[in-house]
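Next come two complexes, and both contain chain A; in the first it sits with chain B, in the second with chain C.
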Partner chain A sequence: MRAAHLLRRPVGLAGFGLLVIVLSVAALGPLLWGDRATVVDTGNLLAGPSAEHWIGTDNLGRDLFSRVLVATRLSIVLALGATAISIVLGLVLGAAPMLAGPRLGRLVTWAVNVLVAFPGLLLVLFFAVVFGVGERGAAFAVGLAGAPSFARLCHTLIAGISERDYIAAARIAGVSRLRILRRHVLPNIAEPLIVNATMSAGGVLLSFAGLSFLGLGVQAPSYDWGKLMQDGLNGIYTNPLAALGPGFAVIVAGLAFNLTGEALAAAFGLGDVPGTARRSRIRTAAGQTLAPAVTAPAVTAPVVTAPAEGTILSVDDLRVTIPGAGNPIHAVRGVTFAVRDGEAVGVVGESGSGKSMTALAVARLLEEPIRVEAGHLAFAGEDLLAAGDSASLRKRLGTSLAVVFQDPMTSFNPVHRVGPQLAEVSRFHQGLSRKAAFARAVDRLRAVRIREPERRARQHPFEFSGGMRQRAMIGMGLMGTPRLIIADEPTTALDVTVQQQVLGLLAEVRRDTGAALLLISHDVSVVTDVCDRVLVMYAGRIVEELPARGLRTLARHPYTRALVAAVPDMETDLTRPLAVIPGLPADPAHVPAGCAFAARCPLADDRCRSVEPVLEADTAGNRVACHKAGQPFPARTEEVTA
Partner chain B sequence: MSVLGFHDVRVRYGSHTVLKDVSLEVGDGEIVGLVGESGSGKSTMARAAVGLAPVTGGRILLDGRPVPSRGRVRPVQMVFQDPYSSLDPRMTVGESIAEAMPGRLGRQARQAEIARLLTLVHLDAARAGDLPGRLSGGQRQRVALARALAARPEVILADEITSALDVSVQGAVLNLVRDMRRDLGLSMLFISHNLAVVRYVADRVAVMHNGEIVEHGPTAQVLGTPRHDYTRHLLAALPGAARRTPGDPGATPLIPISKEQT
Partner chain C sequence: MKTPTTAAPGLGGRAAGLWSHPWFRFALRRTRRLLLALWVLVTASFLMIHLVPGDPVRAALGPTAPADLVQATKEELGLLDPLWQQYAGFLGRLLQGDLGVSITSRLPVGEMIGQRLPATVQLAVAAFVLSLAVAVPVGVVMAVITRRGKGRRTELAFTGTSVVLSAIPDFLLAVGLVYLLAVQTRLFPVAGLDDIGSYVLPTLALAIGPAAVLSRIVRVEMLTVMEADYIRTARAKRLTPVRVQLVHALPNAVTASLTLGGMLLSSLVAGTVLVENVFAWPGLGSTIVSSIVAKDYPLVQGTVLVYGVGVLLINTLVDVLLALLDPRSTIGAA
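Let's turn to the complex of A and B:
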């Protein structure tokens, strides 16, 4: 698959094609043109280009073109040999901290750092003199000179892998360090290492040509491209091609290695795309929480509907689609709900249920290529999708919609101080002066109960604890007058005591400002505590909507009931096994026909597997999407294989 | 199964003391829960026991003898929090498990043992050939447990093994922990910040705060009638109004939010 990726790009195709040509010439050159390259033609000494000798002849009348082709083998072999020396030495030095223990390792690392600081060429010349002239000496010189940078690379890569728990697990299991290196570390750093080796082979080729050109490398009667260049230089004014020919060969071979390396890097990089897209988007949301991003208005927009009265947020038939290489992922598949003024609505579900995507779509923080479509997406009576991305809308959203994310470390820009980041909101959206905005930021930090706000406002985010950052994030939302706070797993990364403070703060803010809350959480008990109503999501749909207090008693959807029963709380019966939900969450890229939960549902029958249930409201306004809503579970559910 | 004892264990990183002379015993066939906030030193306890953290004072003993830290026989095993980082992405499930087996086994005996361990953690034995990339978080965590069991451990240290899992999967892993204690008589140090989870699996609970164990005793007693202020504070912070005590002593004083500037 990766090979295919490699060849599909022009860079990869060109690099790989060139490399094949260079390598075949290296392999076959001496066999095909070896004789021609040694034929002495005394009548044609130092001749210029002709039909017989394309780039002329040397001082013995030998055909230079053939000699350039024949020299390919030696040039390439020496380059690869020197690169191999660099890699092996680099690996040994780079792995030393892991193999030899911290004390010796620190010494090696220190030495490598010093060597890396030396210019490469200086090292090459130094070693070339030490090892003496000749191809072997030159190979060692270039190889040794390249080792420090490889050692540094290996050291960094190995350090990254060594942090992984599987290395710790192997150590705990008594696997020897050498074996860990061989079985766990090397396979996992091979990709970047190969890429770098390929690219550096191009550079080594050049170093070699340089050494031979200076007379420190290959000696007569052997010859490589550098040697040919040196010989050609004498007659550069009479026959420039004699020097430029081998120079051109160096360029072609160097390009072949570098382009292949580039293409390999790109191809390897493709492997870990899933997840990164979303993460980076959250981060962009960070700095300016409130600045909405452009969401593509639907091309095939569903029928536009009007929002209900008295709602701060009204969402109708919201769909979020992430285009992928294979199947597009339908992260949210037609979600309709409303949040009334001052109301707290919770959204619960497992990872992949589309709850975060719903929140991000509502906050208008999803960007191309993610598609957001809806009948309407109305905030404070204004359709966000129809309104486009005008500055005035952005300003209104900026002051009336607050967003709090799970990881407050990535929500703040780490290089800016906290106070000015808060102040930015007021400067942009409310037109306050720098000073007034900062004063307000300090006041808001005090409002979210950060002690010594004047001092804290001048600190960087990393100087805040996790809970404090989350409070500062809420403080940022309070720079305006929020009418709705969207909180996406705001306490998941926090300890229980800090979680309590943050939830308490949210409650207090709502009481004082009358803001509504849309709380996304996987924690059923948090939602029960904080919210008035709960939306339960599964595979991109709302499967049930009910009062938060009734989550344990009124739930009718089998998924909701299982979810509630699966979470132990302080009253769980200790004598019985916990209820579990068999099977795996539905894959959003391949949502099955019928009810998406049918495969895991103990009540499912053929109708569930073929006909998708509609979300229907009962007289109390609670909604459920299930053919078997409220039916009792069979006595004993199957043993799990989740 | 055996007794793992921490005796006045101290761990320091530079000038920062993470564990301050902590003593704790994990008895034969017992699950001891270790609760506390992040940074309290819970994970360091486990890491010190398997040689991943430097012990600068005190001793960690297994049945009165130092925990072996050389050779292939490692009677103390650990299961980690993040199931996505605890399995080598380039090794099959079977290879990962086989690596932890103490002796050299023949090919067939090894396959049989892998199958036995996978069945033990309620996974299909055919999964042995899969790479971790094909498994869900819950399945990976079961494989990590199977790998720990492959070393024929006497004590298992479980460091937040359910906190990275979805709630629907967490229950299955907790059931598995209880099954294994019942069937294999495993001793276990079960580290978690989730009190409800610890309450469900642990016989005894130790509460950790700032590198010290502030309270410790039978689960029902510690969580039911806590004696230390910090334990009460933790319990009071749990979501659920019914469980919340009215006067919470540990909470920071509230400063009213000023409205005049909005």
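Let's turn to the complex of A and C:
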């Protein structure tokens, strides 16, 4: 079954086919062409290619094509022999910590680590000195030189499974170490070992060719491909094929082993074999890239509606689509809202409700192939969808739109110091010199309550704690004069005490700068504390909009009420289980017809399941999208889930 | 702003905290590792001659050499002394820079290596610089072009070419280059070291393989880094795409590529041996081969030492560079 798996892939088929051909030539070559390869033709010394001698003849007039074919056997046998030496020795050295106890094992591991640092060819030359020139010596030299890397591989593999339960059980049962190795360890590391052996056989073939080419390997009158190349190089002016022919054979045979190894790795499902890890990573990176390439985001003609006076952000019918294989995900499905100058608006919802996508789309931080469309999207009177990527727009956005991200640990560039990362904004958008920008960065760090800002600015992000980083991130937004701060779950990754500091800082910054805030959070209590107005999102739509203070009393949508009920407060009865919202959030890839919340709603009827409610504003300006808005629940949510 | 008086206690505190300073600990740890590896190398090269089966001097001088010459040579090499005494003498001479005298040419080994080393170093450095100069821009450009599923054909062509190029060993590439650019078109000399033109083919032969591998790695690392949160931060600062890619993404990608780049570089040093032999390059590569064939043990010992030290120094250099680029690694390993 695995063999079938192997052959279904084109690479596997090509590699395996090549390998079969190479091995058959190795087996049959000397029998079929052995005579032709030794016939001396004095009338045709060092001849070029002809119909009779496809790649010419050597200095005794022997047919070189036949000699290349005949040399296959010796080349392959030597390569396989040397590989076998590497494997056996590598296995013994790699298993040493297990077989010979920890002390000797550590010594062996250390020695192996030292040896691995030296390139293979250098080790080969060293051992070639010891074993002398010749095919036997060269085989030992190449084999020994390959042992350290195999030893390391075996060591890693054995260490990986020696902690497993069945090994421990066998050890406790008193099974001898050798027997554990043979019965329990080897079968479990066989697959990666075979893959690596196949690939390294290809490598060994090349180094053997190199050694013979240098004159340190196979000696006349024997010949392998390397020896033929060495002989051919002298006549490269008269007959280049004499050197290129055996070289071609070496490459073909090397590829045969390598491709077979790669295909074996894929067939065994070894995503991450040490030694092949790099290659497989490259493959997955190529494979995982999102399939259908979507060209520039389809920009619908913006409806030019002048945003209301005093509005900093105005969003109309925002849609975000993530193309997928066959089934695009509609992460945001027509969201309309506005943020007034200096106002704090919260967006709450479960994960997958599209709230972060909304924030990133508004900040214009989503990239292809994700598609962002909107009736209009205006920030500070500027249409963000129509505008290209001009320097002036970058400058305005860079100084007046601040973004604070969820994870402060990963949101700073690890290789740059904190100060310059802040200073970058001023250098590129405000035309400050490096020094002046740095001074401003220090000043901003002080403004966000970072102690010793001069010293801290010269540190790398990893020297900051999580809370400090988030404060520094807010400080980064303060390099310009922000009119809107978009904070995407700014406190989720932080400790509770640090959360309070960061929220306090955000409030303080708003007071000082008058900036508006768009706060994305799944935490209802955070939003209630900080914001003036709340947008509740579910399955990519706004389902309710209401004042933050009225969240507990004015909520009319069943989802909002369930969200609020799920937050414990001082009056929560601690003897009862905490309330949860039953069911799972809607799958953004398969949003049902009708109200997306219907499946989880205790009030839902047939109309809810077939007709999607629209978001309607009441006289106070609060909006709700629900057919049953404000109706009492039939039973308490706690009891539904208890 | 700072006056000297306020700076002084800071400096004093720094000196006192030297031991706990991560950089100092890193330097100490790395030096210890280098010295241990050096000791292994030196000891191995000392033992090499003793590991040779049979009588190495008889093998070197040939079966026809008179017995008293063999005896005299042995005495000269110190092979008649007890092993520990030979080892001590070897170490002592090594510290003074004395690598012994070649059996075949009767010249000091140090002098012979000194004559030949520059050509090899020039070749290796040229090839390394060339492969970096090609691989980094190509990898970055390919990452940008083929990001997020764009340019599938370009990606396929690039990966295909680089896989094939890196599968061809350097000496075969050398032979191919000689055929194409020297024999067929006569653009460059076939062999030897005369003028700047004679550097072209050996450098190319050495650099193409590593460049192919390295550019693939740089591309993959760039693709990974471009998805990182801090790149989104950089974009949120509304920097130009070029600045985001070069200043924010590239250093991170290079850090990840450097570990493998170091391995490539040290294998490049060894690769010079083969390529030098193709081009009859007057460097160490041809010396080590001819000395192995001639069983000129002191010369082999010297050249093996020089190559080994070269590799160890490169490994150390890469570690230091890594630490400079990504200070987390010095802390993390502490």
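The criterion applied here is as follows: the second predicted complex is superposed on the first by the 330 of 642 C-alpha atoms of A that agree within 3 Å, B and C clash if a C-alpha of one lies under 4 Å from a C-alpha of the other, contacts with A are read in each partner's own complex, and residues count from 1 in each chain.
Simple rule for what comes next: contacts are C-beta pairs under 8 Å (C-beta built on N, C-alpha and C of every residue); 3 or more make two chains touch, one makes a residue touch a chain.
Note that the coordinates shown come from a computational prediction; the quantities given were computed from them, not determined experimentally.
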{"item": "Contacts of A:394 with chain B and chain C, given as first, second, both or neither", "value": "second"}
{"item": "Touching partner for A:403 - first (chain B), second (chain C), both, neither", "value": "second"}
{"item": "Contacts of A:562 with chain B and chain C, given as first, second, both or neither", "value": "first"}
{"item": "Touching partner for A:368 - first (chain B), second (chain C), both, neither", "value": "second"}
{"item": "First (chain B), second (chain C), both or neither touched by A:512", "value": "first"}
{"item": "First, second, both or neither for A:165, with chain B first and chain C second", "value": "first"}
{"item": "Touching partner for A:240 - first (chain B), second (chain C), both, neither", "value": "second"}
{"item": "Which of chain B and chain C A:350 touches, first, second, both or neither", "value": "first"}
{"item": "Touched partner set for A:18, first chain B, second chain C, both or neither", "value": "neither"}
{"item": "Of chain B, residues touching chain A in the complex", "value": "37-38, 50-52, 70-74, 76-78, 80-82, 85-91, 96, 99-100, 102, 122-124, 136, 138-139, 144, 147-148, 150-151, 166-172, 174-175, 178, 193, 195-197, 199-200, 223, 233-234, 236-241, 243, 250-252, 254-259, 261-262"}
{"item": "Chain A - residues contacting chain C, complex", "value": "111, 114, 117-122, 125-126, 128-130, 132-133, 206, 209-210, 213-216, 229, 233, 236-237, 240, 243-244, 247, 250-251, 254-255, 258, 278, 281-282, 285-286, 289-293, 363, 365, 367-369, 389, 394-395, 397-398, 403, 405, 407, 410-416, 424-425, 428-429, 460, 462, 473, 476"}
{"item": "In the complex with chain B, residue positions of chain A that touch it", "value": "164-166, 168-175, 183-184, 187-188, 350-351, 440, 443, 446-449, 478, 481, 495-501, 503-504, 508-509, 512-513, 522-526, 528-530, 562-563, 566-570, 572, 574, 577-581, 584-585, 639-642"}
{"item": "Chain C residues within the chain A interface of the complex", "value": "36-37, 40, 44-45, 48, 51-53, 59, 146-152, 155, 159, 167-169, 171-172, 175-176, 178-179, 183, 190, 216-217, 220, 223-224, 228-230, 232-241, 243, 247-248, 251-252, 255, 260, 266-267, 269-271, 273-274, 277-278, 288-289, 292-293, 295, 297, 300, 304, 307-308, 311-312, 315, 325-328, 331"}
